[in-house]
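Each of the two complexes below includes subunit A, the first together with subunit B, the second together with subunit C.
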Partner chain A sequence: MRMLWNEVKKIFMWKMMLLLLFINSILYFLLIEFHIDSFPNGSGLYSYNVGVEMVDKYGATMDEEEFIDFKKMYEAKVEETNRYLQSREDFVAEGIDTYDKFTAYDWWNPSQEARALRDDVFLGNKIDLFWELQERHGLIEFHNRRKRVPDVLSDKERQRFEQLIEEEKFGVYTDLVIQNFKSFIANVGVAILFSVVLVISSTIIKDRSRGLLLLQYTSKKGRNLFKTKLLAGYIATFIIITSLLAVYFSVYSLNRTSMFFKVRVNTFIANESWFDPTFFQFIMICVAAIYLIGFIFATLSMVFSSRVPNMVSLIGIQIPFVVGFLIFGLNPLLPNMILIWTPKWLAPMSYGLMILLSALIVIFLWKREKKMDILQ
Partner chain B sequence: MLVVKDASKRYGDFTALQQINLEFNTGLYGLLAPNGAGKTTLIKMLATLITPSEGEIQYNGKNILEMDEQYRELLGFLPQQFGYYKNFSPKQYMLYLAALKGIGKKEALHKINELLDKVALSDVVNKKMKKFSGGMIQRVGIAQALLNDPKILILDEPTAGLDPKERARFRHLLTELARDRLVIISTHIVSDIESIANEVIMIKNKQLLYKDSVEEICATLNGNVFETTIDFESLKAFRKKFVLLSEKQEYGKIIVRFIHKGVPEVEWISVPPQLEDVFLYEYRDEIEGEV
Partner chain C sequence: MMLIILNECKKALTSPILIGLFIVFSAFNVFVIISSSDHKEELKMLNEIIDQYGRDITDNSLNRFESDIQIDLAKLNRMTASEFTSVYDFLDGLRFEDQEKYSDEQWLFIHRLQLKEMYLNMAKSIDESYEAMDIKKMGEAEIEKYLLSGNAAETLLHEYEKLSERFEEMVNNGEHKEWFFAGKAYFMHSFLFKTVFLHIIIESLLLIVLTTSLITTYEFESKTHLVAYSTKRGRKLMKDKLFASLAIATTIIVFLFAITLGTFFSVFDYSHVWKTSISSAFNWEYNFPYVAWWDLSVGTFLIGVIALVFIVLLLFVGLTFAISIAVKNSYISFFLIAAVFVLLWLLPSFMPTSSTLLFVFAYTLPTLLLAIRYSFMGSSGLILFENFEWMTMSCWTIITIVVGFMSYKRFLKIDIH
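Moving on to the complex of A and B:
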């Protein structure tokens, strides 16, 4: 235990921690801040408010009766808007005294007065009713098209769509919340990936390049220290991921999306998925995926750290792997891993393969280390 | 007893050591050879850092690689160059190594103070090692090798960076240590071991050349080492003709020490051979003179 503690302490040197803080601050402001500060963004506020109201009133699912109630709410709001329009002489003068007339107006060729009035309710006086009605109307439109199956689909995707329709799992809630979370978690994934690679990369190479192996491997502990170093690397990875997730999820809590936690992912609009966890379960799946990605890249970093001659080559050799993963792997293996547009087998197969390869590489490395001549 | 049995080491086509056979008991052994002769390879094989390509090394009849930590527990090792953490103090560094050697913290702290005192570093116990001179680092290295009170102490070029006073202190320390353990010192500096080694091992052409006492090794040149005084003008021709061991200027002339295996000239004075004479003779490079 003393050795393990020593090795973990060596990884968490204060200089490295400062660098970690610096990198995460930059990545936070570049990638994550927008998804926290600007949520809900613009008209998204009305979408969010309507969504919260729906969850409060109808719970995690909506049946037909509840949707009829939702439509009644819409109609009540339309009535309220009608009264507002009729109270405005300028709208009446323009012949727009009901919301139906407002929506039916030819807004492609508006009169100067009509355009001014529209700008006034949407931008000038910013009348909430008009924004809110748009959102409610959009949700009703989605609901009306709920049983439509897209034309271009693979057999499996079509089967899944049909299964969801049969089980009456329709997208009724605004996708704003889940899309915001997906953007957030993808960027948190990037920050954590960089952090793990940054900290873990130097775990093994430092002692090797300083010539410490000569003393370490001739001590009683001997080459078994390599296994302790690997274990320390994994413990450090766990600590880094857990700490960063704790920080980033504390920040995410400012988005106040917890009321959607019990909503199932297929109940969010345009989020048809192979499985049907709740939003909270989906968050947990993403957290688990981040741990897996972290451990896999920690293994990769330690592999390179025990092979390459110096830090420059260590950084250089990892860039294609990290960049390649960010371009091709991050979205299908993290935020969209259960989405219907990602093959169902892709995430389990990829993670399974990566875990297997990591385990094989670690076994190979240990066997090699046990017999390797230490020449430095 | 440590035994090297028919040990060879090859790196691809290059042979570093060939068919080495040695036996070590309690006492001090000096491994003497010029740089690049294979001393470090042999030392690293004894320290389990390198596996012999052929043959094996046994301790009390057991293969040291199979003994694993049982062997390393008995081992104290100082490499030619060793790594350290610059921001560690000698105390922190030795505590780290003590943990690797399986020594409890309490016991280690006591031992560390004692050893740092022995190598005259007791006043810098808590200073960061990045501020240390080469000699001070080397003394930390010597101290760490003694942490586990080893039965086998292997030191590769231990006096590198030490000043004459430190060397003398170090020789005393080694003599003391070699009383009840096996000490192997690899060096190319003859004076490091000449006066203290029970036996000297010399390697030449990747093979064992000598393993004997200093007296016996010197005896191989008995009657062949001479001194004479010559003019400066004759020096060049003398160098070509004989294996010169040393040259010393005195009263405008040169006193030369050299080896000659034939009939000596009258004015030459026969002198008792020293270990350095054997070293220079055996490892002479491109000396064209006759012997």
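Moving on to the complex of A and C:
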């Protein structure tokens, strides 16, 4: 046990921790800050507000009656806008005295006055009503099209779409929240992947390049120390991922999306999925996936760490793996893993395969280490 | 002495993983180019246009072009037995089942006519769209977009005034009236100078930083430093290491450029457009055409950009060298340099939007490299400054030399154990 503790301590050298902190703060500003700072931004604010109001009022699901109520709200808001428009002489003079006329206006070829008026309500004076109505109108439009199935689909995708329609799981809540979370979690995944590789890669190679193996493998504990080193690597990986997730998720809490936690992922707009967890369960699935990715890449790092001749080769050989994963694997395996546009079993199969491969490699590595001629 | 340098080079050249990485990178670049070359045949249409009507777009050549298209249109009308004034009318009215009515040869003809009409329509609309451009207003829009105020806003407006003069000069010269691949259809400028160049740049950077830090810290990592640095050559070995790193970096850059650009230009036929101005109205991909500060042709621009990239990458050798001898650990140096690269690139976003520091801190090598397609351009947002390239280069050359020299001097004196 004491050995294990000492090996873990060796990984958490203060120099390395400083570098980890530096790199994570840069990655934070490069990748993550935007999804926290600018949420919700621009017209997203109205989208967010309407969404929150819907969840407060109707709960995690909306049935037909509740949607009729939602439409009534829209009508009431339209009335309010009509009163506003009629109170403005310039709009009346332009002939736009109701919201219906406002939307029916030919905005592709507006008169100069009309364009100025539109800019005034949307940009100049920023009348909230107009923005909000646009948002509500969009949601209602989407609801009207809820039973439509896209044209080009594979059989399985079509079945799933039809099944969702049958179960009356329609996208009614704004996609803003879930899209924001998906971008956030993908970038957190990138930051954690880099952090794990950064810290874990250099662990095993250090003793090797210092020639410590001669001493270590001839001691009483002997070659079993290799297993202790692997275990220490996994413990360190767990600590790094957990602490980084804690930090990043406490930053994420600034986005205030907890009211949506009970909403099921299929009830977000344009988020048809193979499974139907709640938003909170989906977050947990993503967290689990990040742990898996972290452990798989930690294994990879330790494998290379016990084989390659020097530090530069250690980095060099991992570049294709890490970059390849980021380009091809990250999106289907993390934010979009249960999305209908990713094959249903792609994520579970890929993770299963990668875990299996990692286990095999570790066993192979241990067998090799047991027999290896350490004088070479 | 030459022998030492050669042996230092060997340390990087005999690393199988670095060689493997180089091969993977080259193969990836070739793959990227080939996989987005669907339109390479279509591009040849422009070469034919240049052959027949000359590189400059004049009223005369446009008239000839248009009357030739009229002849083609007449042929199309005979073929379809109807009266179209444009091939687009025909294509819009086309029904799915009609497609089989025409032979492959006829389709080829129709398709070529479509391309010709596209180029003609674009050429005809140049004057109108250039007249509608108001550079100073664009500056104001930019200020609004980034919420600039105070000094920053003034500086930017001033530069936009200069750009506005340059823009008028360009229009008067007719630099924009030369044929180039239609930007809005093919995005060739972005593909070459963004996609392809950024691949080359990032890959070379990775390889250069790895080889340089490998060579510089080799003795420390293989525990032979106590011997190596107590020989007669001693710590001056670092100088040889610098030269070796520069030599290796040059080799990497030259080969990576040769392989990648070689593939690019054998796939895409640029033979007719080398002398076209880079500020051509056809080199217009997004909201605004590319407008260079000087009258550069596509060929000169390419050479200029290659030279720029080459020098910047060599500067990175110097910076890596300086950091590596200070840290004496290739692993940490690599991640430090990666982090500093991103940090320098992000610097302007940490600056207040009211001060000119916002622009000053954009004069960094990462910004220059990552915005390489906007080099020498006035149409590049917040880094439009005319002096951007040469100022960045000269400042950073000085910084690199000073840092490298200080780091070397320090190394001559420190304890080695």
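Definition applied: the second predicted complex is superposed on the first by the 375 of 376 C-alpha atoms of A that agree within 3 Å, B and C clash if a C-alpha of one lies under 4 Å from a C-alpha of the other, contacts with A are read in each partner's own complex, and residues count from 1 in each chain.
Keep in mind that, in the parts below, a contact is a pair of C-beta atoms (placed from the backbone, for glycine too) under 8 Å apart; a residue touches a chain by one contact, two chains touch by 3 or more.
Just so it is clear, the structure is predicted and the values come from calculations on it, not from any experiment.
After superposition onto subunit A, the modelled positions of subunit B and subunit C are compatible, with room for both. In the superposed model, A:Gly211 makes contact with both subunit B and subunit C.
By the touch criterion defined above, A:Ser202 reaches subunit C but does not reach subunit B. By the touch criterion defined above, A:Glu135 reaches neither subunit B nor subunit C.
In the superposition on chain A, A:Glu272 makes contact with neither subunit B nor subunit C.
Figure note: vertex subunit A, arms to subunit B and subunit C, all at CA centres after fitting on chain A; angle 80 degrees, rounded to a multiple of 10. In the superposition on chain A, A:Leu30 contacts subunit C only, with no contact to subunit B.
Contact with neither subunit B nor subunit C is seen for A:Glu369 once the two complexes are overlaid on the shared chain. When both complexes are overlaid on chain A, the residue A:Leu19 reaches subunit C alone and has no touch with subunit B. When both complexes are overlaid on chain A, the residue A:Ser313 reaches subunit C alone and has no touch with subunit B. Closest approach of subunit B to subunit C, taken over C-alpha atoms in the A-based superposition, is 6 Å.
On subunit A, the surface touched by subunit B in one complex and the surface touched by subunit C in the other have residues 210-211 in common.
Only residues 15-18, 20-21, 24, 206, 210-211, 213-214, 217-218, 221-223, 329-332, 334-336, 338-339, 342-343, 346, 349-350 of subunit C touch subunit A when the two sit together in their complex. Taken in their complex, subunit B has these residues touching subunit A: 44, 47-51, 68-69, 72-73, 75, 77, 79, 81-85, 96-97, 99-102, 105, 144, 148. Residues of subunit A touching subunit B in their complex: 2-3, 6, 10, 207, 210-222, 224-225, 371, 373-375. For subunit A in complex with subunit C, the touching residues are 15, 19, 22-23, 26-27, 29-30, 198, 201-202, 209-211, 308-317, 319-320.
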